[in-house]
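Two complexes follow with chain A in common, the first pairing it with chain B and the second with chain C.
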Partner chain A sequence: MVEEQDKLLPIANIGRIMKRILPRNAKISKEAKETVQECVSEFISFVTSEASDKCHKENRKTVNGDDICWALSTLGFDNFSDIMLRYLQKFREFERQKAEQNKASSSEERGEVTSNGFGLQPVASASLEFGILEKGGSSSAKQK
Partner chain B sequence: MAEQEPENAITESVQLEIPTGRVKRIMKLDKDINKVNSEALFLITHATELFLQSLAVKSAGVALEKKRKTIKLEHLRVAVKRHQPTSDFLLDSLPMPAQSLDQQKDRAKSRSNKKPVPVGARRIDAFFQKFT
Partner chain C sequence: MKRPGTYSGILSGGISGRTGPHLLPLARIKKIMKKSNDDVKMITGEAPIVFSKACELFIEEITKRAWNITLQGKRRTLCKEDVASAVITTDIFDFLVNLVSDSAKSEESQLTTKA
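Now for the complex of A and B:
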């Protein structure tokens, strides 16, 4: 049974996200919540697979942010794609600033970075330890 | 949140509710997937949150239409059907209506509402049951 749960996102997180967006008196049946849990795993696999296929066709090994945006758009999730493209730009900007900050060590630049409104969780640094992730996206032009 | 203006959504700090480690593990289940960089992982996680919210809101809308307070599997199914891109990849994955526990529970509830069984009757039922 532990194996099965590994293929799903934690139901506590799912429930929390749903509760937050729904009216306070809304109730969700256990079955519906568990089904949603399976649906989001399907979504992850589906979008990633599409992005990965594109990479294979273009002889690239690493799926990057542009590929995800492209996959979302191709699969009909245009509104998600638009939002993600904007996040991607900000993400790369943030990463660039961080890289520049590491090179130069002036306090002025450090101040600039901290006043950036895009307070990203340290996902990038935490992911360095994992095998399948590569740091830094390619600076390729937007693919549409 | 997706409902707010896009500009506000970007400048607010991005807090991911879903653990990226688990998302990565789900992606890894597909052997064809080689490497995924950190920005891709971030975007997929965030898109998944939006998708989840979208499903929740749409299902709630269906439940409201049917004048129900509790969102059930059937409401989710209708919501999925109504959005073509989602329906294309998801409809077949949903459990069949016949297997729906929600429906079984509803049926059991309506049955018990019609006929309250007196204590004596249970004893008679027990008489006809097989002893294990």
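Now for the complex of A and C:
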């Protein structure tokens, strides 16, 4: 039972995303949410396999964000891919700025290297607003 | 002063569904990615984050299309069959056709055994 749930994203989160784009009086059946839940997992597997194959062919061991974007585009999710590339750029810029700020603020504090070796700094409550992208992408990420 | 690992907290999926700025738990996404393919051994930290956004877009797309079908049927409750129809009528969702028809078939067989 527990193993099953591990393969799926939480239904509450999925339901929230679904509700967000529907009119207020719209209702969603539990089975519909469950079906979407299964579809999302399949989507992740499908895209990851494609990205992983690409890495394998190029003799790389690690699947990165660009591989995911490439896989999305290859599999027909072109519009997703465009949004994702911009999102990824913003994210990397944001992380770089954060890293520079942290280095400047304290010379003693060592950058926290997470297990992925990306050297990502802890992200504070400042959220990388999706709104930044939807507005057409300004050149600098704004922090709230 | 050592800052708590906020990012590692987000990566681990957080407790009680807290996922930081992301709507979907990154650790769970990472698990699903790893299970998809035996070759997938290493994933950068940004990959689950990219997927978090991609999954949102995916859910929105499938929901929009399913809702159109709900409206065509003059209903206000989005049901499983609407999701299945959305999948069948959208080319890029071809990879899901077996998934939605399998669940429809299992329901059918349940009904026939009851009779």
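Annotations
As a working rule, the second predicted complex is superposed on the first by the 105 of 144 C-alpha atoms of A that agree within 3 Å, B and C clash if a C-alpha of one lies under 4 Å from a C-alpha of the other, contacts with A are read in each partner's own complex, and residues count from 1 in each chain.
Simple rule for what comes next: a residue touches a chain if its C-beta (ideal position, glycine included) is under 8 Å from a C-beta of that chain, and two chains touch if they have at least 3 such contacts.
All of these numbers come straight from a predicted model, not from anything done at the bench.
If you put the two complexes together on chain A, you find that chain B and chain C bump into each other. Contacts of A:F43 after superposition on the shared chain: both chain B and chain C are touched.
Looking at the shared chain after the overlay, A:S52 reaches both chain B and chain C.
In the superposition on chain A, A:R86 makes contact with chain B only, while chain C stays out of contact range.
By the touch criterion defined above, A:K27 lies against chain B and chain C together after alignment on the C-alpha atoms of chain A. Applying the stated contact rule after C-alpha superposition, one finds that A:A12 touches chain C and leaves chain B untouched.
Shared interface residues of chain A, touching chain B in one complex and chain C in the other, are 6-10, 13-14, 16-18, 21-22, 25-29, 31-32, 35-36, 38-49, 52-53, 55-56, 61-65, 67-69, 72, 75-77, 80, 83-84, 87-88, 91-92, 118, 120-121, 123-124, 127, 130.
For chain A in complex with chain C, the residues that touch the partner chain are 6-10, 12-14, 16-18, 20-22, 25-29, 31-32, 34-36, 38-49, 52-53, 55-56, 61-65, 67-69, 72, 75-77, 80, 83-84, 87-88, 91-92, 112, 114, 116, 118, 120-124, 127-128, 130. The part of chain C that touches chain A in the complex is made up of residues 3-8, 10-11, 17, 19-21, 23-25, 28-29, 31-33, 35-37, 39-47, 49-51, 53-60, 62-64, 66-67, 70, 76-80, 82-84, 87, 91-93, 95-96, 99-100, 103. Within the complex, the chain B residues that touch chain A are 1-2, 6, 9-30, 32-44, 46-53, 55-57, 59-60, 63, 69-73, 75-76, 80, 84-85, 88-90, 93-95, 100-102. On the chain A side of its complex with chain B, the touching residues are 6-10, 13-14, 16-18, 21-23, 25-32, 35-36, 38-49, 51-53, 55-56, 61-65, 67-69, 72, 75-77, 79-80, 82-84, 86-88, 90-92, 95, 117-121, 123-124, 126-127, 130, 132-137.
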